[in-house]
């Protein structure tokens, strides 16, 4: 039974647990966290099983309610989906694990059940977006994600409600544009199923309706995934959110947005449409992405606040992915998909670290990170892994996606993109080494350089073990993905790229 | 002031684009529009036979596309929990 | 030409409505006004969807009792397309849910800053 | 060429990685155990590398493929003759530097010793990785790790000045890394391959101008680490680091890795034939000749001993590249030999500078009057290193320079011979005053006098040993490590193809 | 469907929307929004979307307006634009 | 915000109306198969009846009839019924939400109708409770803002 219903179980297990948690919260509040954890763990295990199944047997279709596709809602799991499912559920699992100690400090006790319920809903929504094969179902899950996201972010620090409100407005505009785009497609095709649309659309490539739908889709989803210059809601929202929330939202939400972009452009509209009918859209997308990369890197350099710095890095990373999508040859798409995976891990790692630092020291100002390598050596080790990965130092995964993006740009003769990628690498070096310098080196007077004595005794004071384990797992993941990127490409990504590119 | 001008500009562009899109649309209320021919006829024809529910909207809502509706209910649930989560305080009495 | 306008003016009015709402979301500084704009925007989209389902000379998609059992006599041309309605039920719910959460946020914001004007809030944040 | 599959390269590389983590986990609590790990690992590593020597000497290659990075590109180690030279040099000198740095760090009671030894081990790990990598991607992987792992070493003192030097170091090297990455990508795009082949594999791909540009970006990329002017600026400022680090930077790991990569590109990616067809060699040769002369002139102006040595390093690195750029078999052989021999001589010099600093806290040459009487062993070793670098016979520098000069004559471009000879003279100009100061001038300040007070044995013994080796290699170039034979094999492989 | 009725209601809807946007008093704006929703529901009934109209009448015109009123009651009634 | 509203006519009318509203709400839920309406609309109507009660009689009256914990439980239980129905179909070997596999002793089409009814009930419960919950949350007193127009 389980093996047959894997796709739906991945989504419904955390969903039903979200309801259960609320009821449990009325009875016994302590149970909420373990139950939520178990549900996410189950979801992760199911995703892994599903991925294995997909690799062995190819695409899996699942019909909700037993109704066949154009009439009912269909879940389609191919290589790309399955990988995204594993990715999202893993990152969610890690951040949920991590949120145990973290949420206790940030969320009032009486609200803990609701917190976990919303947390699970957020995870459900993200998984639902990834797994669905229906345009409108995607919208519904997008809204579940957004709504729970609004609430979770608003529970953060002082100015969080305002940030969340801005997010509400921007997010709703994005969702409305998406809905409009679906409506425009529906009026000319009469279908909502992605595969069905992909079959019908090639006959309608000249239609103005489809063109408009495409544009609105791109704008809407760019808002959701915070592509420059529509990213303005992101830094505030993710900085001010509680750290247990930003660890979940920051790595996954933008990546899922990127996944949707990829899925709809290449699986619904088809590579022909975007490359031949509307090449200009690709060009604009590419330039915006290049702008995102540069802007994000430069703005990151201008921040003192560690978490805000990371959010700008996130903006830049979204740019990388979109650069790959915009170049749209095999190499670049490989890079883009790989970067979705890598970036989820990198951002997860860095936000986990940021959360741990805030948890222990209460500061996000990088100039107050002094002596942190003595106080929290393990956390700082993880930070270095994440930072090197973002910079793109080889054994870490960040290098490999950059490599493919560069190869793709080379093949497409887009020299500007190569320059942008390499320049932003240098900016990232400056960004992260500033942090590492502050944390590791203790600027001292030359006179003291040789006396050997420690000017200040800093006690070892690490984050709790419940936060450390997820951090280390993610850090190990970063290295492993880097090391095994060849396998990932050969067994997953190769099949995820549309065949006719 | 510039914010208003800017948003007015954005609105104009968006509106123009949307209207551009409508030019190729089937006429309003056309019974032969693709939307009326492709997926939906089955719902009308088979609703009584397959679900014993004369109201096609209900049968589509709760059965054919029941999964969407579960999502919809979840959205409402999310909103309720979110409001309680955000505004409830222990000392509050309503 | 005239035919075209007659058969399309509906869409244009919806778009005008949408744009009123869109302008409200972007151009208004009062948060509640933004929210009202959001409502208008969403309702206009719903209106657009509902009108996709319209068929001239068709009736509501509830199959009358006398047609039961005689399946092949149900002519889809006599009934309005139910699918957009279904979608829009969902969209309305999403709209009210978003409104609810946004109003909760507005109350929180008002507790924090004592005002609902965006520019004043920015001013307060800057001085903070 | 025959391939031998063996896991030894991986073992040799991993030894120091394992050691690094052992060092990290042992930490400050058991300093003796921690330092034991360094030494044990260095000895084991050298032993493993030595055990591969016979295979290489018999003209075979050792290969080990770890896994696929992406289609057609593997994380692959390949020990050929040229890689063997660098691997032997790095792992052999690590033993000396380990002993020395233990003595040095303890003598000065430096802070953060665990971090120091950890990064040191990682740096050696990646240096040997660079030596043994079988393709450009693997090479780049270790190259970048090397860059990053030496940053904490450069900034070790944590004074504002040191941190500034560290930043400069990173800025130069990572910018270079970007260029290198771009060039590797381009190479892969052009040929679909990144595996090194003796004599190059780029020929026949791409247009001439593309290849010229590619060569330029390659040289900017790897040349930044090899401190070719005008990319040399980081090297003198990195002198702020503790002396074992300077020794590591200049003699063993970093700059040698840069030079090694340059040579790999020149000889194994482009190949001599392609370079001479494109007329690129002459441009490169002029650029490095310029570097040689200018670096020497700048060296004369330095009073800070380590800075003077730094400029001498820049000079010698360019000499090595010049040898490769001349594309004649003798010159290539000479430049390969110079990689090894310069390593031994320069490390001796740096260790001496460090020993002086440990004992007397003196850094400036003008303060060192009469120091030879106080520290005779150290200064004797210094003298050996200095005259070796000038190219005077009983020291091994003579051999490499001899072949370089022969190679320069073969090319019919006498100007390069002139450059080489001029640089030898200039070497003498800035090294001999140091020796004269140390031995023949009397101390300015009131000094303990003539009685000998050497630095600790941990410090002095390594430098004496390296000095002895510098002499031995001149008399028996094939002693122990068979540098000469390996270099001949490598040259044959490269030139034999065409 | 009677297109004259349709057009009239549509115009009314547009007027309500503009009104809700223009009015400076938030409470009035909320009430006008309610009226807007109600007209919308009428329009949909007239288009044959009875279910949607029913929902909109109960949600948009009813509960949603109430939410707005409650929130405005908690915060402030004045608006500067 | 919500305080008692002292007006005899309003109070009496409310008292009279509320049962009718609630019955109508239930009717809408149950009769969704044949006529416009369904779980969502019925739920809103049911919720509206409680909101009316709150507006006229004050919060305490609502709390008496619908304790807070019960309300929160309703929020979860309703949607749990929905998802549970779907999961039940899984247990009986169908796909998610495939009501035809439910073990009702009737024809397949009727099973679906029953499945729809159970699902609609769940929707109704959730929507009712959520409407009340949001209304109450939005009108809860806070220390800084007293319930008065500014």
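Just so it is clear, A, B, C, D, E and F label the chains in written order, and each chain counts residues from 1 on its own.
As a convention for this text, a residue touches a chain if its C-beta (ideal position, glycine included) is under 8 Å from a C-beta of that chain, and two chains touch if they have at least 3 such contacts.
Here the structure is a predicted model, which means the values were calculated and not measured.
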| item | value |
| --- | --- |
| Any chain that touches subunit D and subunit A | none |
| Target subunit E, source subunit A, minimum contact steps | 2 |
| Most distant chain from subunit B, judged by the mean position of its C-alpha atoms | D |
| Subunit A-subunit B separation of Cα centroids, rounded to whole Å | 26 |
| Subunit B and subunit E, separation of their C-alpha mean positions in angstrom | 17 |
| Length of the line joining the C-alpha centres of subunit B and subunit F, rounded to whole Å | 21 |
| Approximate Å spacing (C-alpha centroids) for the pair subunit C, subunit F | 23 |
| Residues within subunit F bordering two or more other chains | 34-36, 38, 40, 72, 75-76, 79, 83, 86, 96-97, 99, 134, 137-139, 142, 145 |
| Numbers and ranges of subunit D residues touching at least 2 other chains | none |
| Residue list for subunit E, restricted to those that touch at least two other chains | 1, 50-51, 55, 59, 63, 67, 70-71, 74-76 |
| Subunit B contact footprint on subunit A (complex, rising order) | 15, 18-19, 22, 64-65, 67, 70-73, 108, 110-111, 114-115, 117-118, 121, 124, 128, 134, 136-137, 140-141, 143-144, 147-148, 150-151, 154-155, 180, 184, 186-192, 200, 207-209, 211-213, 215-216 |
| Contact set on subunit A toward subunit D in their complex | 388, 391-395, 399-400, 402-404, 406-407, 410-411, 418, 422, 425-426, 429-430, 433, 437, 440-446, 449-452, 454, 483-487, 489-490 |
| Touching residues (chain side subunit C, partner subunit A) in the complex | 18, 22, 25-26, 31, 34, 38, 41-42, 45, 48-49, 52, 83-84, 87, 90-91, 94, 97-98, 101-102, 104-106, 108-109, 112-113, 121, 125, 128 |
| Contact footprint of subunit B on subunit F as seen in their complex | 2, 32-36, 38-40, 59, 62-63, 68, 72, 75-76, 78-79, 82-83, 86, 96-97, 99, 107-110, 112-113, 115-116, 119-120, 122-123, 126-127, 129-130, 133-134, 136-142 |
| Touch list for subunit E against partner subunit C, complex | 1, 6, 10, 13-14, 17-18, 20-21, 26, 29-30, 33, 36-37, 40, 43-44, 47-52, 55-56, 59-60, 63-64, 67-68, 70-72, 74-76, 79-81 |
